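Got some structures for you, see below.
Two complexes are shown next, each including chain A; its partner changes from chain B in the first to chain C in the second.
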Partner chain A sequence: MNLTKRVLGFAAVFLLLFAFFLVASASVSPADIAMGLIVAGIVAAFTSTMVIKEQPHKAFDVRRWFWALVYFLYFFLVVEPLCHFDVAKRILHPKMPINPGIVRVPYNLKGDYAVTMLACSITNTPGTVVVDLDGNGRKFYVHWIDVKTMEEDECRKAISGAFEKYARRMFE
Partner chain B sequence: MWDLIESACLYVGLALAVTGALCDLLGALGLLRFPNFFVRLHAATVGIIGGAVYPLFGLTLMTIGCDFLGYWRWLFASGSFITAIIIAITAPAGSHALARGAHRSGVAVEPKLCDKLAEDRRGD
Partner chain C sequence: MSLKDAVLGVAMAVFLLMVSVVVVLGGTGWTPSTEIRPLAKFYLENCFNVFNRTWWAASPEAVTSMLWDYRGIDTYYETSVFFLAVIGGVTIFRVTEAKLHRKMDDVGLSLIVKTTTRMVFPLVVIVSASVALHGNLTPGGGFQAGVILAVGPLLLIAAFSRSFLEENLKLSKDRCLIIRSVGLIAIALLVALPLMAGSLSLMQNQAKPWSQALQLPEAVGPIWTSGTLLFFNVAEFLAVGAGFTLLFLLLSAPEEELKRAIGL
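And now, the complex of A and B:
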């Protein structure tokens, strides 16, 4: 990895940590800012090559941050309430209408961050949990509380279709 | 205008906190009623996202709306916001580890419609 990439990676991790520190301390007094700069610098110096392995310019792309914000709002305002409502209905229903099963869900993403985000999104929606991952065959094994279909592409459409689009826009 | 925003934040935050309490109750009921470990994980997810992340977002809005807290409200608001984000990012890691470990050690998936993972593993 050449020097420009290293500096860019360091800057990305440093800025993220510094912003995190400022939000967490909720103050802009000189002492807090100095502390934030020092701590963020030390931590970024040690971890930036581990956190960002390639293409650090992606972290400075405004469009990716915009899609991250859109995804955050879409996920917490639309997807999660619907899934919570669905699972709550199954919990409270006297007959408990569940047909659980483990299905294959293929994905078409390369980066570690994109795959991790997709897996975390699937697990964070009630009703689907990622049980295992086949990295070479590019598929998740997802435990689904209501198996509507066992076809791989239909499962993909029903479980991860929306998330995958955003994961590609944010990280690929 | 700011007063209106403050009271809107307060009431939306309170509504989110009540939703969180309901989701925790539902998650506990689901843990009792569901038949096996994997289905119970879904009820646990209701408890994590609905029962911890949403109330913390609600607390963020609520403290922004609380004028009497003075300076401290920004500290509370940012602290609960960051806690909510960190829970939302890290909780699935625990769920993945539990689910994968349980399946590998042979915890029963009954009742089930299909278990593609066991089929593939037998094939290997």
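And now, the complex of A and C:
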């Protein structure tokens, strides 16, 4: 990694850690800002290449943050509650209408963060859990509470299609 | 839902209710009174009494005040005991760095766990630093923060491998020992501070009626340090964090390698 990349990576991690220090301390007093700058500087110096391996300029791309915001608002506040409701209904229903099984879901992403975000999104959605991944074959093994199809592309459309679009816009 | 489930649910609810009644009625034995006893009253009134600084410790955190000021010597010995425990551990696993080293590439948990851990690790360190630096103001302190700090390396060992820790963060067994020693030397210097200023007391934070020794100011610029308390906490934080990391490094060494290195 050349110098510019190193500096950019450090800056991105530093800003994140500084903000996180203020949140963890629940304070923006001058003392906390001073301590936060020092601590974030030291920790970022040690960990920035571990957190950001390549292409640190992505962290400063406003469009990626915009899509992250849209992702958060839409999936966390709209889609997820609906899925919660669906799973709760299945649990409380006297007949417990579930049809569980593990299906293969292909994905077409390269970066570590993109793949991880996709997997975490699937797991975070009630009703589906990623139980394993095949990195070389680019497939997730997903436990699905109500298996509607075993066909890989159909599964992809039903389970991960929407997330994949956002993962690509945010991280790829 | 079958009848059995329903009965089980009601039974559990009744059981919890009964246990709560027993606890509320005092069935678990003597419960501490809500009245403040004289000893507690002394500390609560004095630890941050800005109007009468005769007995104060310059810290609103009564627990930290006792820990590092009123009964600081006790904490000092506790830290020494933990250090001896670490030394004991190192002695039992008497291995040199070179003998333990083994190249491991494609090891560890899945990509998802690894990526998340890469992201979470610095955040754990930040939280631990925040706990250490606010130990004189809010609950927490050096030891607690050190334990949180050690969670970071533990996560890396679990998700990647111990050689990842040694190669990416340069955190080897010997480095941990050095960090731990630096923390302990800092504590020892702070303990001896009043002694160096010509007073016959050790471990003095703020001056007390029986000894008017040198004292550090209660704040440095905007940062409220409570005299020596913040520095004690930071030193203890480094010592405990590095101590636990060292033990995790030793415990995570593969057994066969360890046996070979010891000569079994």
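Just so we're on the same page, the second predicted complex is superposed on the first by the 171 of 172 C-alpha atoms of A that agree within 3 Å, B and C clash if a C-alpha of one lies under 4 Å from a C-alpha of the other, contacts with A are read in each partner's own complex, and residues count from 1 in each chain.
Basically, contacts are C-beta pairs under 8 Å (C-beta built on N, C-alpha and C of every residue); 3 or more make two chains touch, one makes a residue touch a chain.
On a predicted model such as this, the values are computed, not experimentally measured, just so you know.
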Exercise. Between chain B and chain C, positioned on chain A by superposition, is the outcome a clash or a fit?
Worked result: fit
Exercise. Touch check for A:Thr47: first (chain B), second (chain C), both, or neither?
Worked result: second
Exercise. So, does A:Ile145 touch the first partner chain B, the second partner chain C, both, or neither?
Worked result: first
Exercise. Roughly what angle, nearest 10 degrees, sits at the C-alpha centre of chain A between those of chain B and chain C?
Worked result: 70
Exercise. Does chain B (first) or chain C (second) touch A:Ala31, or do both, or does neither?
Worked result: second
Exercise. First (chain B), second (chain C), both or neither: which does A:Ile102 touch?
Worked result: first
Exercise. Now for A:Cys120: first (chain B), second (chain C), both, or neither, which partner does it touch?
Worked result: both
Exercise. Once the shared chain is lined up, is A:Asp112 touching chain B (first), chain C (second), both, or neither of them?
Worked result: second
For this session: Could you grab the smallest C-alpha gap between chain B and chain C in the overlay, to the nearest Å?
Result: 6
For this session: Using the superposition on A, tell me which residues of chain A are in contact with chain B and, in the other complex, with chain C.
Result: 20, 24-25, 92, 96, 119-120, 130, 132
For this session: Note which residues of chain B are touching chain A in the complex, please.
Result: 23, 26, 29-30, 33-36, 38-39, 41-43, 45-46, 48-50, 53, 57, 74-75, 77-79, 81-82, 88-89, 91-93, 95-96, 99-100, 103, 109, 111-118, 120
For this session: Quick one: which bits of chain C touch chain A in the complex? Just the residue numbers, please.
Result: 1, 110-112, 114-116, 118-119, 121-123, 125-127, 129-130, 133-134, 168-169, 221-224
Exercise. Of all residues in chain A, which touch chain C in the complex?
Worked result: 13, 17, 20-21, 24-25, 29-31, 34-35, 39-40, 43-44, 46-47, 49-51, 92, 94, 96, 112-113, 115-116, 119-120, 130, 132-133, 135
Exercise. Quick one: in the complex, what on chain A touches chain B?
Worked result: 20, 23-27, 76, 80, 84, 87-88, 91-92, 96, 98-104, 119-120, 123-132, 134, 141, 143, 145, 147, 150
